[in-house]
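As written, the chains take the letters A, B and C, and residue 1 is the first residue of each chain.
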Amino acid sequence: MATIENNLFDIRTMDTLASGNTGLHRLDPRAKLITTLIFIVMVVSLGKYEISMMIPFVIYPVAMVVGADLPVFYLLKKILIVSPFAVLIGIFNPLLDTQPLLEIGRVSLSGGWVSFFSILIRFALTVGAALVLICLTGFNGVCMALEKLKVPLPFVIQLLFLYRYLFVLIEEASRMIRARSLRSFDSGRMRFKVFVPLLGQLLLRTLDRAQRIHLAMLCRGFDGHIRVAKPMTFGQKEVIFILSWSCFFILARRYNLPVIFGSIIEGFF
Amino acid sequence: MSHHIVKADNLYYTYPDGTMGVNGISFTITHGESVALVGANGAGKSTLLLHLNGCLVSAKGEIRIGDYQLTPKTMKAARRSVGMVFQDPDDQLFMPTVFDDVAFGPMNLGLPEQEVKDRVILALETVGAAHLKNRPPYKLSGGEKRAVAIATILAASPDILVMDEPTSNLDPLSRKRLISLLQTFEHTKIIATHDLDMALDVCERTIVLHKGEITADGPTLDIFNNEDLLLKSGLEKPLRMQEYKPILANLKKKTHHHDHDHNHHHHH
Amino acid sequence: MHMADALISPAVGGALWAASAGLIGYCSKKLRQDQDDRKIPLMGVIGAFIFAAQMINFTIPATGSSGHLGGGMILAILLGPHAAFLAMASVLTVQALFFADGGLLALGCNIFNLGFFPCFICYPLIYKLFVRGKASSGAIITGALVSAILGLQMGAFSVVLETFFSGISELPFAVFVALMLPIHLAIGLVEGITTAAVILFVWKSRPEIMMASPEPGRGYSIGKVLAGFAAAAVIVGGALSWFASSHPDGLEWAMFRTAGVEKFAAPEKGIHSSLSAIQEKTAFLPDYGFKTTESHPGEETAGAWPAVNPGTSVSGLVGGLLTLCLAVFIGFVIKRRKAART
């Protein structure tokens, strides 16, 4: 119960964030989508021991978060919450790969630990970038970008419908659960015997709703085609955005910026 | 403009699971008339409305919209002239934003882009929702959703407006606003409702439906004054036409109880 | 069992993206040919239902854990393979974007693992085997159970393969398989039971809905789908692997065509030794960090890989920390200036 409403709250929060009005928000969704994908590919293409090279990539999400006034702690918390699978798989690396790789003073760090941390950093970066994308663009914006980028229309429409009725259905589901928990005096746990008719009812209502929506569409001249195309402006700003970030990513991918930076600093002493 | 008439002749409909929807219904509604379709829950109001633009097809009998009979061939034209507002606006607002939703109908008519835009703006302004145009539907209040749902229909400029319980789930203020909006429309209107007060304000004619059959058809005031008829059809006089007896109720406890039970009974 | 960006290499991610994208294209085309426009709202709303349903948990007696409805099988039963695959793909896309389940690069893997097997293997080949023509409760239960379990086993195995070929996790193949399959046997059992129960509920209360449930569709051939998928995956995977192996860094090669990038010899190491050849092909070699200062050719033979260079490590660490500070500092300054302006 708590989770279902929290999830709805989460989606609503991100949706609200996406309706901001900063320059970054106004950028054509395609520019943000493409940049995010380049970012992710660049990050995951780094070797598994390349922690230091991953660090400059932090600049992109940080710049986006700051530039668009996104709430930092909210996003950090979201990244933390979803990491179990990566941690679960990654945690075996320190056990299995014990070759010393990094020495700092007397402490030596095994390759396993380094790759474990690299998995975590990768995780934070890629997940962070995806969250930033949705907070800057909104789901509908992403869908419009997909449509313009020639993703098959039935799939895009499917995404739009799903997102539209997500809110309706989650609310319907939580109303049903609330009604159940008001009437049942057990510990608030849902037994299978209750779970099945609850979901079954929800499914039946969903099917009825689909039918009504279809009627409503027919009544307005639906002929099997939905036109979602929206004018978008892919102008100079977008080109500059993609190009400059890509250049930065390539630079950070090509040269170990922190090492160069570190040796320059060391040169001073 | 005699072509805005709606004529139903002996409609029968049974749902696939065997539930009877409507059971032999006939009426004629002429151009510019406002007709309330009243009846208890399950009386068949929604079922009847769905026939008017071919969403459901009667087992026998026929429907005439304007000059021609409703057949699969004339369906498209009929849907252009009959605009249907569904009971749950969530079923009707399926596009990502209010603008897209209102534009859905005109786009399907194949109108040029600028005309679509003009119509959308005009329709939204008519219902007082122009400021909502870039919002997604899930971020609207109940009243706003209803207004936008009506705009989606107006944008296709139908001749006949068909509405299913337009005042359900509205707060008093939104309801009042909706009523004054409906009063400004010059379309032929067919409105299914339990809200007899609204019917009194908007419709000069009322058809009473009970268990899939018409039990009365006539001037709204006459019908609402016929308490026996209303009672038989599971309805109750509009609040405004009921006498208000606070002192009596307070003084005589028995009467009060009686009244209460009475009302309660009617609601179900 | 969502696959995560952090665990996959671009080659694996790219190959499965290609496979999933191909399937999405194929299903979209099929749906367009289908001309059943009822399905357009139906798929979306049922997708939303799956999304909401996955948030509702029931308590599994005597275990203290909880279970929820799975997606793929019930979608396939209600919608047929093509529409179900698109619906599943969209559920996973929304999850990837909003709940960071997996990630955008891993989305291809996830759509494939959780969509392809139930929709294109289990539903037509297994479920239909049990539930053919006239359905009965027994047939529905067995069909749903068997196909949900097998579907998840295939999906889980596919997660193992993808992780393994990515070479990021050190987990040995056999261990990972031994870990994943039993866990997913249990999950599959729960999914099968819930799927069967919900389908039965619908079937009992509204038989006419299940009657109208879709057949696999005309002109549908599993062989063609499989062949198409295999071809796409092999071509893309092969190309990317070749790219990765013949150029130490395929991406960089593509962008700069820089010559003279030397390749580290990768000594065999640990449990992965027999597999390192494959891994070498799939994982991009991390061979820069240690060249920017002086190179120490002697140290490569020391057995550590990549070579340990304390000097480089320290400067990397210092520089890394400083870069991080700088990033945060820049953010802070911009924020302050923005605040001052408003």
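The criterion applied here is as follows: a residue touches a chain if its C-beta (ideal position, glycine included) is under 8 Å from a C-beta of that chain, and two chains touch if they have at least 3 such contacts.
Note that the coordinates shown come from a computational prediction; the quantities given were computed from them, not determined experimentally.
*Asks:* Examine which chains touch each other and state the graph shape they make (line, ring, star, complete, other).
*Replies:* Chain contacts: complete, every pair touches.
*Asks:* Of the other chains, whose C-alpha centre is the longest way from the centre of chain C?
*Replies:* Most distant chain from chain C: B.
*Asks:* Among the chain pairs here, which one is joined by the most contacts?
*Replies:* By contact count, the leading interface is A-C.
*Asks:* State, to the nearest whole Å, the distance from the C-alpha centre of chain A to the C-alpha centre of chain B.
*Replies:* The mean C-alpha positions of chain A and chain B differ by 43 Å.
*Asks:* Approximately how many whole Å separate the CA-defined centres of chain A and chain C?
*Replies:* Going by mean C-alpha positions, chain A sits 15 Å from chain C.
*Asks:* Would you mind pulling out the distance in Å between where the CA atoms of chain B average out and where those of chain C do?
*Replies:* 49
*Asks:* What residues in chain C touch two or more of the other chains?
*Replies:* If we look for residues of chain C contacting two or more partner chains, we find 41, 206.
*Asks:* Show the residues in chain A shared as contacts by 2 or more other chains, in ascending order.
*Replies:* If we look for residues of chain A contacting two or more partner chains, we find 160-161, 163-165, 168, 209, 213, 217, 222-223, 226.
*Asks:* Would you mind listing the residues of chain B that make contact with two or more other chains?
*Replies:* 94, in rising order.
*Asks:* Can you check the complex and tell me which residues of chain C touch chain A?
*Replies:* Answer in residue numbers: 1-2, 4-10, 13, 24-25, 27-29, 31-32, 35, 37-38, 40-49, 51-53, 55-61, 69, 86-87, 89-91, 93-94, 96-101, 103-105, 163, 167-172, 175, 194, 197-198, 201-202, 205-206, 209, 249, 251-252, 255-256, 269-271, 283-289, 292-293, 303-306, 308, 310, 312-320, 322-324, 327-328, 330-331, 334-335, 338.
*Asks:* Chain C touches which residues of chain B in the complex?
*Replies:* The touching residues are 16-17, 94.
*Asks:* Where on chain A is chain C touching in the complex?
*Replies:* 3-4, 7, 10-11, 14, 36-37, 40-53, 55-56, 58-59, 62-63, 65-67, 69, 78-79, 82, 85-86, 89-90, 92-93, 95-97, 99-104, 111-112, 115, 119-120, 122-123, 126-127, 129-131, 133-134, 139, 142, 151-155, 157-166, 168-170, 172-173, 177, 189-192, 194-200, 202-204, 206-207, 209-211, 213-214, 217, 222-224, 226, 250, 253-263, 265-266
*Asks:* Which bits of chain C are touching chain B when the two form their complex?
*Replies:* Per the touch definition, chain C meets chain B at residues 41, 206, 208.
*Asks:* Mind pulling up the chain B residues that touch chain A in the complex?
*Replies:* Those residues of chain B that touch chain A are 50, 53, 55, 76, 79-80, 82-84, 86, 88, 90-92, 94-97, 100, 104-105, 107-109, 136-139, 152-153, 156.
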